[in-house]
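Since the structure comes first, as structure tokens, the remarks are kept for the end.
Chain naming follows the written order as A, B, C, D and E, and within any one chain the residues start at number 1.
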Amino acid sequence: MITLLEARNIGKRFGGLQALSDVSLTIRKGEVYGLIGPNGAGKTTFFNVLTGAYTPDGGEFVFNGAPLPSGKPHLVVAQGIARTFQNIRLFRELSALENVMAGHHIRTTANVWGILTQNKHTVEEERLTTERAYELLKYVGIERFATATAKNLSYGDQRRLEIARALATEPQLLALDEPAAGMNATETVQLKNLIEQIRGDGITVLLIEHDVKLVMGLCDRVAVLDFGRKIAEDVPAEVQKNDAVIGAYLGGGQKNAH
Amino acid sequence: MHTNPISPLLQLSAMKVAYGGIQAVKGIDLELYRGELVSLIGANGAGKTTTLNAIAGSLKIADGEIHYEGEKVHVLPAHKRLRRGIALVPEGRGIFTRLTVEENLRMGAYTRNDKAAIEQDLERVYTMLPRVKERLAQIAGTLSGGEQQMVAIGRALLSRPKLLLLDEPSMGLAPLVVEKIFEVVQSVAKEGVTILLVEQNANLALEFSQRAYVMESGKITLTGSGAELLTNPKVRAAYLGEAA
Amino acid sequence: MNELALAVPWLGKRNPLAARWLVIAIAIGAPIVAMMFGRTWVRVLDFALLYILLALGLNLVVGFAGLLDLGYIAFYAVGAYTAAFLASPHFDVHLPIWIVLPLAACFAATAGITLGFPVLRLRGDYLAIVTLGFGEIVRIFMNNLNYPINITNGPQGINSLDPIMLFGWDLSRNIQVTEDLAINSLFLYYYFFLACVVGSIIFIQRLQISRVGRAWAAMRDDELAAKAIGINTRNMKLLAFSLGATFGGVSGVLFGTFQGFVSPESFSLMESIAVLTMVVFGGMGNVAGAIVGAIILSALPEILRHLAVPVQNALFGHVLLDPEVLRMLLLSLAMILMMLLRPSGLIPANAKYSHIRYLKAKGVTE
Amino acid sequence: MEIFLQQIVNGLVVGSVYALVALGYTMVYGILGLINFAHGDLVMVGALTALQTMMFLMGVAPGMSPIAMLTLSLLVAIPVCMLLAFTMERLAYRPLRNAPRLAPLITAIGVSFLLQTLAMIIWGRNYHTFPQLISTTPLQPIEGVFITPIQITIIIVSALMMAGLVLLVTKTKLGRAMRATAENHRVAALMGVDTNMIIALTFVLGAALAAVAGVMFASNYGIAHYGMGFMPGLKAFTAAVLGGIGNLGGAMLGGIVLGLVESFGAGYIEHLTFGFLNSSYQDIFAFMILGLVLIFKPTGLLGERVSDRA
Amino acid sequence: MKQTVVALAIMGIGLSVAQAQEMVVKLGSVAPLTGTISHLGKDNENGARLAVEDANAKGITIGGKKVKFELMGEDDQADPRTGTTVAQRLVDAGVKGVVGHLNSGTTIPASRIYNQAGVPMISPSATNPTLTRQGYKAVFRTIANDVQQGGVLGKFIVGPLAAKTVAIIDDRTSYGQGLADETEKAVKAGGGKIVAREFTTDKATDFNAILTKIRGAKPDVIFFGGMDAQGGPMLRQLKQLGVEAKFVTGDGGCSPEMIKLAGDSIGANAYCSMAGLPLEKMPGGTEFRNRYKARFNADVQIYSPYAYDAATAMIKAMQAANSTEPAKYLPELKKSSFPGVTGTVAFDDLGDIKDGAITMYQFKAGTWAAM
């Protein structure tokens, strides 16, 4: 298996809180990699460091064999990493279609002069962007809301739209931050199918999720964070049996319901 | 006011809450009797926090009713519900980070004017939470998570609540600290304060609770005594994804 | 144009095509109707068009890119002074408008970037106060750069700017068509300004429906998410500042040459606030809003000026309040009430950032 | 040397007034995130109301002592401004609390125009002479450094008012509630705080400070006019941002710094720039300093990192 | 034309129907009636109004018809753009002459419109020399321009006041700066030394910083080019800073308002200049002051006598030409020569007031006394 992303000893501190300490993990091309852990374990911080929203205090990421620029989100996206947010962050006033089109920004090149003159390249690129965005809406199953304003979509559809927008950046690695949060059972099943479809299309997925059932059913491998440290990394079946994980999750550690 | 001891202290009937176009709570019924410690457990996003916020008055309900001491309280603003004895320790603790620890605690007594009694209550909180006492003059934002949680609980107690709503007091805390906090919660319960506890740490919550409700996707799907639920395979399934 | 047509009350939604023709008819016919009431009204329309240009440019910065700029009038000043330097007896340079206009646009754009760079990290209200300061700094420099070297002629201003010459036509002179019929210079300016406005609308709508417009809107709605999808927010902000400034600069040139006189008094903070008010009043983030806001707020004071005395006479039999007092009173009340009743402005933003026509084949319609 | 000291005195006097007005801006901003553009005009209303009261008092009780007259006129001006601020908040700002961000700003500008116009109707266009009830005969504590009793009063009264406000905000229950509300409306309400009341109170307190500032400003310069609030308002706002808007200490520091910068700027810029710049640039020092501070410290001198306010 | 009348009626303009044999002649008056110098603006308007009312009271007949003059007062907000709009409005309304504007900055762009329409314009207060050097035939002023006034002021400072060292302050308005520059030139020409050149604005109230700096330069005379609203407080602050230099200002500060605003800080070391002869010395000067007070319940500020003379000049020219048509009475206006409230009103070729006699005043016994 080819390694796509390697995190090497990532550390991040906020004031007195060590949010991440010495986290290393390896994500292989084509897999769905789960990152779980209780609230406040550092999962989202890991995301933010990976995608350039924060600069890590220590360690580095190697993506496709080259180090990732830190603190420059747009360069990270250019390298092929896209993300979604735990608390959905759409462009609220844009339509669903336009949200996805905005996601395609980094793969397009029209400049102000071209836009002003509407030259052939610009027009063609715009047409392709529109069509491609529509295809992506279709891909996540919300093409019927293409012209609806993002803020008016239902919660589940907003989640899908965010994924479509991330896919529009043409990523090799798609990082999803709790995509199932707030979804009901049916929506969660649909989401699972969608993620599988994405993997099927050759995109590696990094998944933070609370819904352990979803993670266990979907992921090829899972890492567990607790207090900013990686306490386990393995295939789901093994992780589920891991005492440290059970302790971290069900709480107390001393009480074991087995 | 003399109320019938058998009637519930708090009663939610068909309560619905929606915000930002999402219906987060889809019509739930829940009862709480005086002196009980009841927990509300469920996965992230199930609607637990929303429920607590609706009871405390931070969120408007879309439909249904909230009765408290036999009175419809869902029409009242949050600050009036506090005056009637409903206190919420919000998720993420809601500490005033720019105020000192003591100021935070005194904010809890904002609605009270009985100075002497407030001082007494402060002393009681200090004995209950000795670590807080050491840091009275410190800016609350510089406290550790556990200490902040202690302050948040202490602050809520200073309003002399009849009903205390606790939203994930263990979130992001080390096991030892969580243990401490639950000791505090228990001692509060022993003093006769009715507690509704929202918790992810299901084992812990169920161990301490007399009863519990399990929420899933905005609905209550299970209810029973703490011990019953602790051994219920469905609960484990909800958390660890084991086949039910 | 579509947005504007849709904004036409009643008709807009029922028959957009008719509404569009109506808008065109109004744009072309307005000065002729106005002339029946007197040349003042044509002049008011001329200025309204200049304000539309300004409002369109500011809307680009505030409405599209979400950057609150309270010093926008500085770019207007840059444009006007460029015209004064390059086409007046002041330095005895007399360049034609075709050279002055692009140069002014360049200077203004440069000024925009100069302002943009240091304020990139600022957000919201901090940005507002720093841009306000920038506007004042520019005005104060214009007011004082007559010493030690006389560049701007200080508070005296620069007089006798060259009129606009279009293909040998002098816009400042009436055209004598026949013995009795002359086309007033105000009309010539009107149509020239109108052409500039139409050109700007086309440009802005092209920008709006492009990767740039979407990037701005994305940045405005959620800067963090915009970064997360790979938008270089720094460059996009600078682009917004410089393009917005360009509009300011161009309208400054038009203003200077139209007035024939430029002095720092015209570029006070109140003007910046006036233009911002137009944008917000009309409805931020959409072209139609900026246009309607600019028309209403630049014409309203004149209408009030006109009606103050007769209306009071009719109502009370005598003049209770001086017309200028009444005008200020009504204007301030209009601002307050408008915001209370329609906080999103007269025409709430309904901007489009994509062409649905590309999806016609897929059966997608509005 | 005495010129240097004199400039410090000049700067302190102006700075004290800026600081007092800046407090009002910063308090309202801290609690609502609103730039209350009309705050400067409250300064004007304060001064003109006091003037009106003095005129009335001079008519009915010509022999009254100046201090009593000043006090009485303040006792009228302060409540008038407070009431005005309360009305303003209730009618113009509260309905817009959840409106798009710029709507309240435009409303505030409208309110500012409205106040000026009403003042013009009531008090006319003329500049009014403001009775200088406190002596303006200069004292010379140091040879060549002049300071008048009214200037001393301004510095002392400003210092006292600021100290009073700081005490109120830091030491009292009400102040705690204000700070708590500023930090988090929702949680403050959970503590039983009537946040609407606290917000109204913040406006009202700021208005009281503005009224006092107006009376002192007018007494110092002996002049009052319906447009007098605009420039001090703008400067005070700049001072508030300079210090870190939303922060009381910042507003005071910003006010004083701005006063001193203007004073020294006008006094020394010509030498510093070899005659290229001169005192005609006095008004831009404020903005240049502001720009520089914000470039290096985007939250102002004492400001904290504010979270995303979208 | 019919539509126009209907339209005008709709817009609320009641076309005043003249009584038989009575002809209504409109004159315009423009000045800022809102904003920081609106008190001066209203003063100008009042001056013109008084002239019009006087003429109506006299019952003037022109071309065989009894004439009723009407004054259209407009607000130009001291804003150049509004100035042109208002100018156009007056032209549209068919005014036969305009008294205004107040500021040079608004007067210059507006003068172009009056000139195009052939409507005579007389500014009672715009002093920028440029105004009358644009080659416009119908543009006049009844006030001395900066060069005229500055020359006199400069000579006065180095002559009678015998100043060796002078500090000059201006308010960075077109008026203040123009006057200060001309005064500076004249002082230098007279052998005086400029020891400080300082600046403020027309919105400022605190001048301590620049006055402190000036104090350090120890000038014999401080000259201020600006208006009374700044001049008054400036005098107070000079006293508070212990500066004892003489204080000289131009007509912008030569007002009762200045005395009021300076309170007890004004003394015999304060001087100002004003074009024309002192009101007291003019036949009808004191009378003007009293009548103004009686009519408007306000004191004369600065320029209302000039506005009065401007309006009177137009009316007299119309009488002389026996026509109210601008084209006909313009030549008579050029030839004007009559004793006005401010002195003899006569214009030179450019349209400036001829031999603008400029009187220096000193503060004495609570008022400005001519020297």
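In the analysis below, contacts are C-beta pairs under 8 Å (C-beta built on N, C-alpha and C of every residue); 3 or more make two chains touch, one makes a residue touch a chain.
Given the structure is predicted, the values throughout are model-derived calculations rather than measurements.
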{"item": "Shared interface partners, meaning chains that touch chain B and chain C", "value": "A, D"}
{"item": "Relative to chain B, chain with the most remote C-alpha centre", "value": "E"}
{"item": "Pair with more cross-chain C-beta pairs in contact, given B-D and D-E", "value": "D-E"}
{"item": "Relative to chain A, chain with the most remote C-alpha centre", "value": "E"}
{"item": "CA centroid of chain C to CA centroid of chain E, Å", "value": "34"}
{"item": "Geometric centre distance via CA averages, chain E-chain A, whole Å", "value": "73"}
{"item": "Centroid distance [mean C-alpha coordinates] between chain D and chain A, Å", "value": "49"}
{"item": "Centroid spacing, where centroids are CA-atom means, of chain B and chain E in whole angstrom", "value": "75"}
{"item": "In chain C, residues with contacts to at least two other chains", "value": "143-144, 222, 224, 325, 328"}
{"item": "Multi-partner residues of chain D (at least 2 other chains)", "value": "120, 278, 280, 283"}
{"item": "Pairs of chains found to touch, sorted by chain label", "value": "A-B, A-C, B-D, C-D, C-E, D-E"}
{"item": "Chain A - residues contacting chain C, complex", "value": "51-53, 73-74, 77-78, 82-83, 85, 89-95, 97-98, 101-106, 108, 110, 112, 115-116, 118, 122, 125-127, 129-131, 133-134, 143, 146-147, 165-166, 168-169"}
{"item": "Chain D - residues contacting chain B, complex", "value": "173, 176-177, 179-180, 183-184, 186-195, 304"}
{"item": "Residue numbers on chain D that touch chain E, as the complex places them", "value": "3, 6-7, 9-11, 13-14, 120, 124-127, 129, 132, 136, 138, 140, 146, 148, 151, 217, 221-223, 225, 227-228, 230-231, 262-267, 278-280, 282-283"}
{"item": "Touch list for chain E against partner chain D, complex", "value": "33-36, 38-39, 41-42, 172, 197-201, 203-206, 208-210, 212-213, 215-216, 228-229, 232-233, 236-237, 239-242, 257, 260-263, 265, 298"}
{"item": "Residue ranges of chain D touching chain C (in the complex, touch as defined)", "value": "29, 33, 35, 92, 95-96, 99-107, 109-114, 116-118, 120-121, 234, 237-238, 241, 245, 275-276, 278, 280-281, 283-284, 286-288, 290-291, 294-295, 298-300, 308-310"}
